[in-house]
Amino acid sequence: MSALACEGLTVGYGGAPVIDALDLDIAEGAVVALLGANGAGKTTLLRALTGLVPLRTGRIALHGRDLTAESTEDRVRSGLALVPEGRSVVVELTVDENLRLGGLWRHRRKALDAAAEDMYALFPALDRRRRAPGHTLSGGERQMLALARALLARPRVLLLDEPSLGLAPKATAQLLGVLRATAARTGLTVLLAEQNVTGALSVADRGVVLSLGAVAADRPAADLAADPALRHAYLGF
Amino acid sequence: MSTPLRALLLTVLAIGGTFGLDPFRNYQLATAAACFAAVAGLTVLVGLTGQLSLGHAVLMAAGGYGFASAASAVDGPWPVALLAGLVAAAAASGALGLLLGAAAARLRGPYLAGLTLALVIALPAAANTLPLGGDQGVRAPFLPVPEPLAALIAVEQWHAWLAIATAAVAVTPLVMLRNGRAGLRMRAVLDDETASRLSGVDPGPVKAGAFAASAVPAGLGGAALAIATQQVTPGGYGLGFSLLLVVAAVAGGLGSIGGAAIGAVLVTVLPWGLDELAALAPDGLGRRLDGNLAVLLFGAGLIALTTAWPGGAARLLDRLRAARPLRLATPSTTTER
Amino acid sequence: MDRFVFLAAAGLARGAVLALFALSLVIVWRTARAVNFAQAAMAAAAVYAAFAVTAATGSYWAGLATGLAAGALLGAGAERGLMRRLPAHAPLPGIIVAIGLVMVLQAGLAIAFGPEHRPMHPPFSQRPFLIGGVPVLSPYDLFTLAAAAAVMAALALLFNRTPLGLQLRAAAFAPETARLLGVRVPRMATLGWALSVAAASLAALLLVPTELGLNPHAVDLLFVNAFAVAVIGGLDSPAGALLAGIGTGLLVSLVTGYVSASAAPLAVLALMTLVLLVRPGGLLAPKEARTA
Amino acid sequence: MRTPTSKAAAALAAAALALAACSTPGGDESVPGVTDDTVTIGTHQPLTGPAAAGYSTISAATAAYFAYVNANGGINGREIEYLVKDDAYDPAATQTAVRELVTEEEVFAIVNGLGTPTHSAVLDYLDQQGVPDLFVSSGSLTWNQPDVYDNTFAFNADYVTEGAALAQYAVEQDPGAVVCVLGQDDDYGEGVIEGVETVVGSNEIAEVQTYSVSSEDLTAQLGAMMAAGCEVNVLGTINGFTAMAVGTAAQMEWFPRWYVSSSGADYPTLAGYLGEDLAPVLLQGMVSVNYLPFSPGGEWVSLFEEINAEYNDGAPFTGNTVFGMSVGYLFCEALAAAGDDPTRESLVAAVESGDLVGNGIVPLSYSGDDHAAYRAVGVTVVNEGVQDYVGATYEVSAGRVTAIEPSPVPLENEGIPGE
């Protein structure tokens, strides 16, 4: 059964559509890399899936349930999570507050404590800085916190937008490692938008290449990584 | 058509229009012209630099006090007194505007609104503490109709002429400023302070300058009002009036000079019209509705306008204009952002 | 010295009410990034509701409860019905709609109830205790101080120690991120408005019995001064509201007593100008300012 | 795009010239506001805004009195039309209201315009227009300048007179009392302070405190007065603040003697603020001065109560009611004296003639070189909830206070002046 399915998705901010009649189907438990040049529509697609950008046409379903008319909050509460691009940590709140914020709707008090401890175990760097205000964190710490916060709510489908942006290679590797491990352990479905093609394809089962708002290629990850023509045509290297 | 030429044409038109009005309407026109100058200053300030001032009534009052004291002090023929008064009005309001602007440059939206609000509330206290005549205020000289015209026009019409001319003198440079390089800088600051800083425009002086540039027309508006009413009192420039100026700027469409004119006429004429309407209601009810009904409908209109129709009257005009090829002589720059 | 003690005590009670009203402005700013210029008119309407219920039932406490509920309802209604429809990220439409709301509410109250001042009686004596022959605080002043302190403490707990408070803060600071974490941001804004106007209504309910009487403009000056206080203290800072509220209350009382009543607004203006020149974000401005 | 604009301009200019005739001055011979069977007069009053609470009932009472006169045939066969414009106590609004009355409604005279700051704003205008400006509702000395404003006449006893009379009575009652003043921070408070100083000597007032009308409370002021050991507090306060001062002092368990100027000493109004239960206690012994016939049970009050019941929907009967109706009576008297074909000149001449008697308890002092109405006032005291004259009456002129005998005007002809 498909975890996330969209049909005929069209999104635009006026003028020409950024996403144009896009169909996408992601199987449960799959890790899919969403690739494409700058401006291909990756971020817009993720924001449209979570309802931050309104659709012009099309429909979105999560595990067979139609989400199209639901608000962002309700989509999140049905199990769809997005770690947005950049520093989405609430800088005025502490690490602990940021983390717990992700699970407030999901867990009761005791369960929330336990879930938070799980995350601290997964990200020891955060454990050491529980009381630190968000604005004192480094880029890598912020990205970890954002991922931990999303995982805390035990989503069924996780969308990530450029998690490696601005991170050192070591931090990127660590982050992607945690992601892969979690997906393997929990059966989490992941859609990972990345500029870092090599990194993304190394953890993904499948790669989807976007170009001008439409799917230009959709193949197994290993296949895609090995095709220099395709890489050159759509990914610019 | 160049801005001064267009201004001249509109001024002549407006003065010609006074012949069609009876004395009371001419008095209302003079009041509207005075408000127009102040609203034009406010609308440029808010529309172009995004600084919300709730204190433009105080800037008008500064101009009014400046006009009254200078024009009374000058012992000469009326044009000299008038000129001295206008210069003093511009100087007084400009100086206060510069002071406020210096503070405004450092403050974000609500903080500036708070400061200007406190200023309005402090005006009566200032009038009592400074030598400004307390609640009774100060008298401005009465400018009688000059001999050659005395047989032709009534005093209200003459004052309307003076007020219109003053408003023209106040607003024309403002329009030129807005359409020139300074206007470009202001818009850059509004769009993105950081970006404008990077492109070599320091937002501080631009914001302070914009405040001063907006204060001078407001002060001249105060002078025009003093010409028409021969009196400057703190009570006339209270919070209610200050908010009315904001209403006029918003109703007309922020940033639009033509909109400012519409807004100024609206806030001058509409309360009066609504009170006439309330007077038709049965006695006991009428007494309660009197005055209050106007305020109620104004408030409701303001809410409706802002929620449903954010561009104000200027936007409507633009739409009508777009529908028909005829272009009316109003400023051509965009009013929205 | 006696006079100083007396004036300081009077200023303290006044400052507590100021601080509470300023705190209400801080709440709505923190939860909805809005300055509610209609706070005074909404609080006045809530006091009218309290007045009507007290007159009908004879119970001050029933009136108080009604007033708080009416304030909360008005706040929630204003947010749901009006503020939500405005474009985000532009403060001006919100301010202008609030000004419109002031006009509608005050004119509506004047049409409905007339311009008369209606006397409201305090639930406790206003007869001050004498300490060394100097009148200091009255039981009603103590009630005012206690009520203001209790509400401020409760709000501090709510915001800083509860999951709801965490969501309220997150929704205010970073609405989009909060939505992505499942926080119902629109509901938080409604709740913030409701809490804010209820707190303002309480401040007004505490103030009006010490004034001439209830009228549509009874809360105007409190709002203006409290806005000054909130700005002086820093709009993001509840502690700043408390500090600046007590400070301004003392300042107004001392200037009125030692100089003259008309100098008091000038003193507040001067204090505000001074503070803003040194600290443009208020006394207790947060270190990292957010512009949205 | 230039052509249509210029065409429009030309058309407009032509239209303007064609219309020029309709706004040119002069040419009309008839008396403004007077027809064969009506006389139209106007006033500006605070019907809305913060001052409405204290004063909006005055014009209603005046209108009720005129309705009574009109129902009984009017004055010299003419009915009086009384146009009341709201100015919300805002001088700018007064400007508009009065100009509308004069130019649109073409009123015969402005009668009883209320407020010092408000009426100051139209004083010059009315003078330039030659509109009779009768019986201004304020105790400022501004209205009594016959050399400058030859058409303007005061109605209230001026604040200096009231302050002096209050202080004189206080000193006579207890020569050693510590006298203090609480005044509004405008000409009202200053006038009362000046009056008190003429009696006790300048700088001899033990404590002077002021308040502004936007004040929230008087705690600081009364605390200072209490600390200064004040025994007699002379108040130059409007009704609301009188009530607040008395109430605040009582809360401090301080019960000094209150001497209150007439503008803030109306017992029914004060009782409205303080509550019917507390008022008789707190206001017991409150001294004030007045010049109008408001003695309970008096013939004028009985008549005014009947008028109030019949023509004013039985509105609460207060000092404002007596004030408003007395103004109406005085205007009718002046109108009757202005002759069968009244003109603005004959109306002013009638007031200056010195023949008007009004309905006060002391003589009117109008003359060609004195535009003040009352230069004498009688002392009133509240006893068990009833405010009435006690007989002591003072005339104040040239800084001297002299005791005189009251000379109340008897009610004649059902309270309708005739020739």
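A, B, C and D label the chains in the order they appear, each numbered from 1.
In the analysis below, a contact is a pair of C-beta atoms (placed from the backbone, for glycine too) under 8 Å apart; a residue touches a chain by one contact, two chains touch by 3 or more.
The chain lineup, named per UniProt: A = ATP-binding cassette domain-containing protein; B, C = Branched-chain amino acid ABC transporter permease; D = ABC transporter substrate-binding protein.
Just so we're clear, the structure is a prediction, and the values are computed from it rather than from any experiment.
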Task: For chain D, the least number of touch steps when starting out from chain C - done: 1
TODO: Enumerate, in label order, the chains that touch chain B and chain D alike.
DONE: C
TODO: Between B-C and A-C, name the chain pair that shares the greater number of C-beta pairs in contact.
DONE: B-C
Open item on the list: Going by average Cα coordinates, which chain is farthest removed from chain C?
Closed with: A
Open item on the list: Rounded to a whole Å, what is the gap between the Cα centroids of chain A and chain B?
Closed with: 53
Open item on the list: Suppose each chain is reduced to the average of its Cα coordinates; what separation in Å results between chain B and chain C?
Closed with: 32
Open item on the list: Nearest whole angstrom, what separates the Cα centre of chain A from the Cα centre of chain D?
Closed with: 77
TODO: Let me have the rounded angstrom distance from the C-alpha centre of chain A over to the C-alpha centre of chain C, please.
DONE: 43
- [ ] Hunt down the residues of chain B that sit against at least two other chains at once, touch-wise.
- [x] 121, 124-125, 128, 292
Task: Residues of chain D whose C-beta touches two or more other chains - done: 47-49, 56, 185, 212, 214
- [ ] Check each residue of chain C and list the ones that touch at least two other chains.
- [x] 110, 221, 262, 265
Task: Which chain pairs touch, all of them - done: A-C, B-C, B-D, C-D
Open item on the list: If we count contacts the way the header does, which residues on chain A are in touch with chain C in the complex?
Closed with: 50, 52, 71-73, 76-77, 81-82, 84, 88-93, 97, 100-102, 104-106, 109, 135, 149-150, 153
TODO: Show which residues of chain B lie in contact with chain D when the two form their complex.
DONE: 1, 9, 12-13, 16-24, 26-28, 31, 121, 124-125, 128, 134-137, 139, 142, 151-157, 225, 228-231, 233, 235-238, 240-241, 272, 275, 284, 287, 290-292, 326-329
Task: Complex contacts: residues of chain C adjacent to chain A - done: 163, 166-167, 169-170, 173-174, 176-185, 286-288, 290
Task: Complex interface listing, chain C residues touching chain D - done: 2-3, 6-7, 10, 14, 110, 115-117, 119, 121, 125-128, 135, 138, 207, 210-213, 215, 217, 221-222, 253-254, 256-257, 260-262, 265
Open item on the list: Residue numbers of chain D touching chain C in their complex, please.
Closed with: 47-50, 52-53, 56, 185, 209-212, 214-217, 219-221, 223-224, 226-227, 240-241, 243-244, 251-253, 272-275
